[in-house]
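Order of writing sets the labels: A, B and C. Residues in every chain begin at 1.
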Amino acid sequence: MGRIFLRRLGWMLLTLVLVATFTFFLTFLLPRDAARTIAGDKASEADIALVRANLGLDDPLIVQYGRYMGQLTRLDFGYSYVNREPVSEILKQRLPRTMALAFVAIVFQLVVGIGLGLATASRAGGVLDRTALSGAIVLISLPTFWLGLILLYVFAFRLELFPLGGADSASAIVLPAITLGIAGAAWYSRVVRQAATETMSTEFVQQLRAKGLPRRTILYKHVLRASMGPVLTMMAIDFGFFLGGAVLVESVYSWPGLGLSSYQAMQTGDTPLLMGCVLVGSAFVLVLNFAADLARAAIDPRVRLG
Amino acid sequence: MSVTVSPAETYSFGDDAEKPAAGRRVDVALLAGGLIVGFFLACAIFAPWIAPHDPDFQQADGLDGIAPWSPFHSHYLLGTDELGRDYLSRLIYGARVAMLIAIVPNALVLAVATLVGVTAGYAGGKIESVLMRFTEMAMVLPAFLLALALIAVAGSSLGVVVLALVIVSWTYAARVVYGEVLRIREATYVEAARALGAKGPRIVFRHIIPQLRGLLITYFTLNAAFMVLTEAGLGYLGFGIQPPTPSWGAMIGSSRDLLFWPWLIILPGLCLATLGIGFYLLGEGLQRRIGPRIHGARL
Amino acid sequence: MGQDEMLRLLAEAEATGMSRAGFLQRLAAAGLAVPTVAGLAGGLAGPAGAASATKTAATARPIPGPPWKGGKKGGVGSVGWPDKTVTYDPPLAYDLGGYYGLANFYRGLLYFDAKSNPQLDLAESMDISSDGKRYRFKLKKGITFHNGREMTAKDFKYSLERSSSKQIGSWVGGFLGSVQGHAAFASDKAKQISGIKAVDKYTLELRLTKPDVTIPGVLAIPPFFVLPQEDVKRLGKQFVSNPVGTGPYKLQKWDKSGSRYQAVRNEDYVYGKSLPYFDELDWQWNVPETLEYLRAKAGKLDATGGNLANAPSIVAQLRAKKDKNYAEWGSFNLQWFELNTKQKPFDDVRVRQALNYAVNKKRFESLLIKPTGHFFPPNLLGYNAGLDTYEYDPEKAKSLLKAAGVSGLDLTVPILGGGTGRPEQLLQQDLKQVGINVKLVRDQASVYDLGSKLAAKYPLWFKGWGMGLPDPSELVASLIGTGAPSNYSGWGNATIDKLGSQATAITNRGRRGSVYAAIEKQLMRDAPFIFIGVSTWVTYHSDRLQNFGWEPVLYEHWDRFWAR
């Protein structure tokens, strides 16, 4: 077990190094010049050249790369001149926001998805089932950012039940989390329903029924457990999506997380911040993936952990 | 890294319970999906004939003061946008971008995915290991962000946007193809062909790839929705196809601060959602018709 | 009584461009006591020619700035800003919430009134020598920084030098260029600016190399407000978020993750008996304009900080409802298209003029831009409402193009820096009517990012400029002078340059105005730009907020608003 863990850890680190390298060279090509942004609109060419020299932006690419990687080993993500504070400070503020959003979205997905999936499985073919099917199809096909805008418009703008974006109050997380998670919830409900229906028709379960065990127990103990496998597999794929979805959802709601940060960093040419966001985001995804795999292995012993 | 996909799992959770009952010839999903997609395809092809106005022209009477016309309040049926352009025409022409995105980058993604998936699945050993590790590493990258960065660097011409879309989605397709190839590989006739002395490439082209046809067609349909929605997301942030060419996502994005004129946001979103539903239904129908079930694909 | 009369005469003097000597005579004729130089400097930008330095005498001085009387103290005032604020260091603050919040924490020698004229603030008096090369300021005594220490002339020397230093690298680095020793200091050859002298504890002197009437205006902008040296040194990099000055408010809490700051009244403020009214200020960042409006409407915010023109659907509603809490203001934010005059066919003035005739500026109203067709904003010195601008005349445009031998032109125009693309699309359609095909491309870099590289890439681009100093000399020095740092058009005009450098020495306001008017006239003829106008600034405030106002230099003056 320990060896597998170490090997996995090794792969994760290697992945992060590759991510850092790839992103570094890509962001290096971004057209926005941080020196200009810092010096301001009215600065002269000479002033800008001075700022560039101060930031070490004139050094050869390899030197800058080496310097950056070296800093990373000390967990120093550099200094954001555009925001005038260390990148790690900004990340410290932003990461928890995105994590909170992702967490609430995942809980929402699981609760609604599994709940609805089980409910519709036990009443297969009924009204709830058919409505849920249509609903799921619609929700999976919607563009997330559009859904976000609609929810914002209806529930925050017109009905004023939630704040219009931002993260100032506890209720501000509701709409963005729903937006981020609802397509997943729809998807999971279908997957769970399918797994549940299949499991319920197996001999093993039939025998349990014959023995007189209440439906509830069967449902929760056996069916649920069998359904978790595919759900966890999908969740692992989902985390990657979350980061991308986060950019859009955070953009719509002005939610101050990593996604919005990355987008703004790109627009202002704030390379250190962009790198920091990408790296931390990727690490976040890797860790969540690993956790999902562990959970899956715990549930289903057939599974091998690479 | 995620769990190695065991072949047994590539098949699963097909909605067998939803197969058309014996005797029912018409698959509702296939029909509905086909009609929807067909409708938008027709809009795209026949746009110049069906659109009432030039979608890019800022009409002289297109604005009421500084405000656009809302739907059903003027001779512009679905109203106008903030520059006074007829919205119905823009929506119709928006189908062109949508269809283009549904087809071109989609085909490219499948080409790349087939290349990677078949090579890995068939070659096995080190090559398989390296390729799939690479794919999984690529999956960790925040693909959407990198697509944005790519467009920021290389400009938002059509070619770059297509490339960005391919980058965002090839990994998922590759995994699905790979899973399917694993399943096919085990099939007896491949063993038989090998035993009879057929060489590698021959097996690949004559036996494996034809078997993938069903999967590719179905995945193409389902992925079309994803492509369109992703481009819409890029367009929303201002990174997609450039104005004045109408693209539904960009139309939503540029109306983000115009909440008091909600039709500007609602209508293009309805188009996107409807087209998405159409592709999904079509894909579901195709999965039942020509199979196989696609698993492990979050679309 | 006398005060009102004087103010009336002052207004009249301003409007007619009267000289100071003339004004003094009028006052004497009206039987009013001759006020000190201090009281006068507020009313007229720059002294009149012949008057020599007069003796100072302490009198009750008006509080400089927009009108403030009649409020009651108490309560918390709250504002929302669309972006986040990065720094409160005066020479470095640049963003919306940052720059326009500086006046809450800091003050300086002078302060702008609602008409964009500098008035005495922390300086008790300002004497200008007859040759215009020496400015002597007597500081008010007993003014303390937020840290308790009394402000002295040495502090001003420190602050002015710091803002001009290469190390700080501020956008105002060159604004004191006419002060002796500035050049040596700016190029690191000297450790201080020799022309700035702290003569004694309360006397500051500026010696110039040549007369420069913009000096009072320069000293009235926040980057030149006074800082306590010891706190700047002690806080180092932290100073950007820990402002210490002499302003009406002190920072109480800066909550970065919550994106807001809270400020409390400075009880030792120089005008503390009257101002500020609010006990506390609550500034919230990252509040998009739409949200600012909704919160203000619900009374959760007292006013919008951002420009509601960025949410035009709200403005349309407010106009339709004739909401009394909303207002539209003329800004000093110029909007125009700059042309690459080195690229054919824009090197031909006829083509450039043709473009001006081809564009229907009125259509830009939907973008909440006031289409004056001028370059100077209305209310700026030198703005001549009677100036001949380019009317919309596509036929004339076509004939000019034909005369210049241009037919079937194809242009690639950028949408820069995440802009909406709307001005460019308006332009595209108008140019199409005269046979010019425009293709639009998006470039993530902004106008100022690309700077001089613009001319290598594009034939023309949309440009905006928010004036920092409300004086036309800024436009010449930055935008239209030959080789000016933000002039990317490759065009220059020697006449304009000459007039511009002369104008900084003309003390008579009226005469100075006509020189700048002549500059704009020449600019209009040369047409290196497609002239559009200025952007409109739209505000909304809550029902309870009183005395709200917005002016184009420092925007909102929160020390003089109060709540009902």
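Just so it is clear, contacts are C-beta pairs under 8 Å (C-beta built on N, C-alpha and C of every residue); 3 or more make two chains touch, one makes a residue touch a chain.
Treat the numbers as computed from the prediction; the structure is a model and nothing was measured.
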Between chain B and chain C, which partner chains are common? A
Pick the pair with more C-beta contacts: A-B or A-C? A-B
From the C-alpha centre of chain B to that of chain C, how far is it in Å? 50
CA centroid of chain A to CA centroid of chain B, Å: 21
If you average the CA atoms of chain A and of chain C, how many Å lie between those two points? 44
Tell me, which residues of chain B touch at least two other chains? 152, 259
Overlap residues in chain A, where contacts from two or more other chains coincide: 30-32, 157, 266
At least two other chains touched by the same residue of chain C: list those residues. 288, 290, 418, 443-444
Listed in rising order, chain B residues that touch chain A in their complex are 1-4, 6, 9, 12-15, 17, 133, 137, 139-146, 148-150, 152-153, 168, 172, 225, 229, 232-233, 236-237, 249, 252, 256, 259, 262, 265-266, 268-269, 272-277, 279-281, 295-296, 298-299
In their shared complex, at which residues does chain B touch chain C? 56-58, 63, 65-67, 82-84, 152, 155-157, 238-239, 242-244, 254, 257-261
Sites on chain C touched by chain A in the complex: 86-87, 94, 166, 169-171, 173-174, 237, 240, 256-259, 284, 286-288, 290-291, 294, 298, 417-418, 443-449, 451-452, 465, 468, 478, 485-486
In their complex, what parts of chain A are in touch with chain C? 30-33, 36-37, 39-45, 47-48, 50-51, 82-85, 93, 157, 160, 163-166, 168, 254, 256, 266-267, 269
Would you mind writing out the residues of chain A in touch with chain B in their complex? 8, 11-12, 14-15, 18-19, 22-23, 26-27, 29-32, 124, 137-138, 140-147, 149-150, 153, 157, 187, 190-191, 194-195, 197-198, 230, 233-234, 236-238, 240-241, 243-245, 247-248, 251-252, 262-263, 266, 274, 277-278, 281-282, 285-286, 289-290, 292-293, 296-297, 302-306
